[in-house]
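Okay, handing you the structure first.
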Amino acid sequence: MKYRFAEMIWYEVKEAAEQDRVAVLPVATYEDHGPHLPVDTDVVLCTEICERAVARIPSEAVLAPPVPHGYSPHHMDFHGTLTITWDTFIRYVKDVCCSLAHHGFKRILVVNGHGSNTPPLDLATRLTVIETEGRVLCGSVNHWGLRKVKEAGRELRESDYGGTSHGGEFETSLYLALRPDLVDMSKAVDERSPLSNSFQSDLLAGGHPEGSSANFTPYWSTKTASGVMGDATKASREKGEKFLEAGIEGLIELVRELRATEIMDRRDQH
Amino acid sequence: MKYRFAEMIWYEVKEAAEQDRVAVLPVATYEDHGPHLPVDTDVVLCTEICERAVARIPSEAVLAPPVPHGYSPHHMDFHGTLTITWDTFIRYVKDVCCSLAHHGFKRILVVNGHGSNTPPLDLATRLTVIETEGRVLCGSVNHWGLRKVKEAGRELRESDYGGTSHGGEFETSLYLALRPDLVDMSKAVDERSPLSNSFQSDLLAGGHPEGSSANFTPYWSTKTASGVMGDATKASREKGEKFLEAGIEGLIELVRELRATEIMDRRDQH
Amino acid sequence: MKYRFAEMIWYEVKEAAEQDRVAVLPVATYEDHGPHLPVDTDVVLCTEICERAVARIPSEAVLAPPVPHGYSPHHMDFHGTLTITWDTFIRYVKDVCCSLAHHGFKRILVVNGHGSNTPPLDLATRLTVIETEGRVLCGSVNHWGLRKVKEAGRELRESDYGGTSHGGEFETSLYLALRPDLVDMSKAVDERSPLSNSFQSDLLAGGHPEGSSANFTPYWSTKTASGVMGDATKASREKGEKFLEAGIEGLIELVRELRATEIMDRRDQH
Amino acid sequence: MKYRFAEMIWYEVKEAAEQDRVAVLPVATYEDHGPHLPVDTDVVLCTEICERAVARIPSEAVLAPPVPHGYSPHHMDFHGTLTITWDTFIRYVKDVCCSLAHHGFKRILVVNGHGSNTPPLDLATRLTVIETEGRVLCGSVNHWGLRKVKEAGRELRESDYGGTSHGGEFETSLYLALRPDLVDMSKAVDERSPLSNSFQSDLLAGGHPEGSSANFTPYWSTKTASGVMGDATKASREKGEKFLEAGIEGLIELVRELRATEIMDRRDQH
Amino acid sequence: MKYRFAEMIWYEVKEAAEQDRVAVLPVATYEDHGPHLPVDTDVVLCTEICERAVARIPSEAVLAPPVPHGYSPHHMDFHGTLTITWDTFIRYVKDVCCSLAHHGFKRILVVNGHGSNTPPLDLATRLTVIETEGRVLCGSVNHWGLRKVKEAGRELRESDYGGTSHGGEFETSLYLALRPDLVDMSKAVDERSPLSNSFQSDLLAGGHPEGSSANFTPYWSTKTASGVMGDATKASREKGEKFLEAGIEGLIELVRELRATEIMDRRDQH
Amino acid sequence: MKYRFAEMIWYEVKEAAEQDRVAVLPVATYEDHGPHLPVDTDVVLCTEICERAVARIPSEAVLAPPVPHGYSPHHMDFHGTLTITWDTFIRYVKDVCCSLAHHGFKRILVVNGHGSNTPPLDLATRLTVIETEGRVLCGSVNHWGLRKVKEAGRELRESDYGGTSHGGEFETSLYLALRPDLVDMSKAVDERSPLSNSFQSDLLAGGHPEGSSANFTPYWSTKTASGVMGDATKASREKGEKFLEAGIEGLIELVRELRATEIMDRRDQH
């Protein structure tokens, strides 16, 4: 059974939609990830987790063609960053989602691989809901926000708070599990944000427990010399394989949760 | 010493910027908040916390003129919701922030009173950073995300998970502390989201601990009949006063943290 | 009877719309008003006139939540000006008006307090008419363009042509009537446009009687050193109170005129 | 000496700019003008006045290529109306003005032939001022707002208030003076707005003296059955020739006034 | 029988649409055309061909009012170029086409006189098709792409490949046939692109037969010192008259082909 | 030597730009390609040609990360089409190109795999030239417009005019050469456009030799029942392999031609 939207003939897409399969859309970005990781880190991690998860449940989901380029203007001081203007990016993803909805997909899950894509993707999926007047369930999740990944994080991480952010222990481990030949661990570093608690973040742990949950995003190059924000030296392929499996299982779990969610009628008071 | 931007004569604005005072900008929205609360709930809570906090530290901060109308298309099934299109809203707030930056304010804190404003405001403040090429620190916080409010939440709340969301225990208590005459507690209800864990939220507790951190926002009227999402019946003026004080102190703390943050130079690799 | 939209519970908004009350929406801007007036001059004058007028006729009108930030790029050389990009401003106001229309308000009057807002507001209200396909009467008026204010101007003003423009006799008098403690009359000046007749204006008298009615708006700082355009020295609290009463009565008159206007069917020739 | 921009070779355009000639840009629209006038009424009147005025003072002005299509959504119920979306129209005219500024023209006068273009053109010319950072004087005038035309109106008009609006005495007379063969006076009518004073207008007399100066623009077809708003039956070729001469002389006067206006430096307080 | 849209009274436009006449819309631009041709070359050539063609078949076509300003940012180094931003230009033309469609024209042919307008006009006409959901046939043609012109080119041209591009043998000949008094043949030159085969073009011959069909458009001033791209010295009035006749006949042929084309129903698979 | 941008570490991207390698960016779309081909036909053909060509000349070129989603609104009647709004698509590709330029790439070649992308991509690459003020050579080519492919077409094609359009002999052959398992040749058909000469096209032969070169794009489903436009039955893997080799060699040729092109200075006349 085909699970890749891309490989389907047009009437097979129609059938997939009629089977109420969840459309899983990976979105990421290209940007510097320190001196040890390629610029496609976010793309590889996100698409591989989606690819493998959907492949295991082809009757329940479809892998929509990834949107690899995302929103990353604050990384432009480092070569390799390709950034799309905020509103163009939102409209682009919304158009992909609305195209899927046009063809009958009623449940669409955008899976994100890049932190700064979070607000644009929340908006893109909300716009899809509004444009379809509520007939479609469309939303997003960061792969590190999947329940099983958060759980795995609590078990597996060795670095302290701040260690599993951009290019740190978590992402480096995952890349090692997927394409070890492209990682140069000899250049892996441990670099942390110089900012105070309320302006801290950690992919797996979220905002700092001793800080306010503020959203501040200065230029990346003001915060890090290496481009890394976290402890890449703690990464290992073994942990990466466990994170990968957690991501796959966590995504399957969420797809099923979404598939079981009823699309309710609106109670318009007008 | 004047602390309201609005009341200053133009050269006083110049002086305030030269004193490196933090510009605090409240942003909210008008929308239904159940049968017991006025549609300005988000506006009143947010602006009052800002007003009172800045009034206590006039030499450190300036109260910028609030942007009261926000982003709330999914609430339009209920009368009283005034919603601004996503990109217009983002550009509007960005223009206010960039105007402040143009006049010399180097630290700008947007304080948000409406959950769905979070992604647009994150983008608006990021755009301000980009447009000023990193010379300005600009970001946002939800008033319920202030460290002291989260702390107060853990101490004060009586409802279980989900009880302190839209129009629930937290917001109703705060409104009772500010304008009790406008609250009709006889109509207060306890209504919860029918969705499963990964699609739950709670202002004070965040995403459900047993779910993935997914962002799904269907039309509000599909999730609630009363418009409330939480337990308004648990609200009290006493709790509201404590939440209010926590908000004021929490905001002062964050303003000071921001004021102490160094604006670092970019390390542009080009 | 509640007359403030903001303070209504959502079903009260519904009732107000069903009563065919006119929605009165104040719109202004923050900008320099000379060395003697605060930057909120346009906001205070406009919102106070609306507030007081609507409070007198609650069964006929509703005070919609003001849009305080407006369009003022040519004032940016002076600190304190907050300007919204032209199309963002138009869309923002249009969204507020269309939200009101969505909830059933059929007559919407935007009351403007800032000269340069006039063309954007004319467009915003026209767009509301077009988006609602003509089912709504929506338009704008400057508070100094109200019949009774123009009449009062002819009676009360002491300065000659050009004296009642930006920060001059008219606006300063009104501010003195509303918040005298914030006015520093010791700094009030009389400064006039250096331009010739066709490029002159006067809030109360309109274009120069000996000139063409041209619209030219160079940067404000090229025309005035103080920021004032008019004769602030002629202002007095007494005149301000009379202008204020004229504004209130003039607005009530216009609201009633609008309320009595039939919404006619279109004769579409297609 | 060439006065038409269109007929110049590129280096002649350079020379014209270096001579500080005023660029005169006619802008109009195509729309119904009643059963007796062609849809190009606004275009013909406006461009002919400009053409003839500039031809008389070639060393002082240049006729820029007209923008014939304008903003007229509220006329779309009548065939023949071609309307450009508001922001597209504004940007289009701004681009023409900024192109002229790019080539060295420092004084640009947009001459308008269509009432509803007034706010968009005011914005387009303001944007040109802002984009050129104040180095260019750019503004607009309606041909019926020229001093000599207003004067002629007071002398020549025979209809009472409201008679010289859309397709009425004034416009029909002018068209009769220019292309009498295209006018069908046997179909000329006298039709007036059914609205009350504050919503009245008259091209030559402005707002109603007994009303507030409100801007309300409902769909045209709700106000008139014939499309005419005014008294076309009072039109004559003789009056038209006098109005035409007044327009030509009035425009020459304004061009000279503009050419004599100094472009002053900004006093930026930053 | 009237053939100019502009000169029709509104109900005559309605009749013209009901007669299923093809709306022919000329679009061009103003830009430098070398030291021997006026900046309106593209406008004159395109509108004259349309004017004359439609005049010969008034019962089959209508001449829509031309859009003279187009897209030419890469020519801005030369005075006289007036350029409209890409998306504004596309929307403007689309609005004209959609206005025509709104009034009942079902076949719309945009005739282009400026090479760089080709992609924007293709998009503008496609958008018209999409906005009308396929009920209208709308497309574009460059006047040098008309079958009879290409044929005439093969017969008449004397210059070798590259000689009939911007301001070269073809355009100069046509201008000589239309307004010889405005051409300064003493300044006519032969200048060619310095680029290699794949980046060559020739209005009449298309891409270079020995190159790839690539689209590269560097700034014009990098490719030519005179502004000309082609051999203007080979131009003559005699050839121009033949090209003109070919254009007129070619356009009539295409209008008839379009008029004979059935508007087919969509086979929507949803 | 790495040739995939995606796999480079950020400083390797810097080095690749410093080596003046040509950035090759594949762009395509997902859409129905008849009952025998998957919806990723345009993506696979275009990216595979680019991948293989760049892999052969890693010291001269870099494979930029493909933009797979394109512009195809007229195909939306068939399932599987994912379309991006025209201006969003243009801005997205422009942002990728400008990001590449920001990092130092001076020669950027967009390789297109979808006919309707041609005008948007021409605009996107022109915008890149304008935004970089002419410092970058950026343009596009359709893979079937490569010199060697056109040549191969003349040699290899068996179908007559119109046979090598959408999903026809050419594309099907190429797909058979790349992923034969995904092609269902039992469903291959020969279907042609019902339109007359001037509205015909053929990927390899271009416009019809007996027609005008008009651009008309009605909804796809009005022209074809199968979705195919051409003769898929003439396809073979053998021809596909030859077309593929021609594409690879043709692209290498064009990359080298581009790399040898001097970036010339502008002769700005201002």
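A, B, C, D, E and F are the chain letters, set down in written order, and residue numbers restart from 1 in every chain.
Just so we're on the same page, contacts are C-beta pairs under 8 Å (C-beta built on N, C-alpha and C of every residue); 3 or more make two chains touch, one makes a residue touch a chain.
The model shown is predicted, which means the values in this text are computed figures rather than measured ones.
Between B-C and the choices B-D, A-F or B-F, the pair with more than half the same contact pairs by residue number is A-F. Note on interfaces A-C and A-F: more C-beta pairs are in contact across A-F.
For this pair, chain C with chain F, the centres built from the Cα atoms lie 55 Å apart.
Put simply, the C-alpha centre of chain A and that of chain E have 47 angstrom between them.
Here the spacing of chain A and chain B, counted between their Cα centres, is 26 Å.
Each of the following residues of chain E touches two or more other chains: 10, 14, 78-79, 102-104, 269-270. By the touch rule above, chain B contacts chain D in their complex via residues 10, 14, 102-104. Taken in their complex, chain E has these residues touching chain F: 73-74, 77-79, 86-87, 90, 109, 116, 118-123, 125-127, 129-130, 134, 137-142, 145-147, 150, 194-199, 206-207, 210-219, 221-223, 225, 250, 253-254, 257-258, 260-270. Interface residues of chain C, counted against chain E in their complex, comprise 269-270. The touching residues of chain E, counted against chain D in their complex, run 5-14, 17, 30, 32-40, 43, 64-69, 76, 78-85, 88-89, 91-92, 95-96, 99-100, 102-104, 182, 184, 227.
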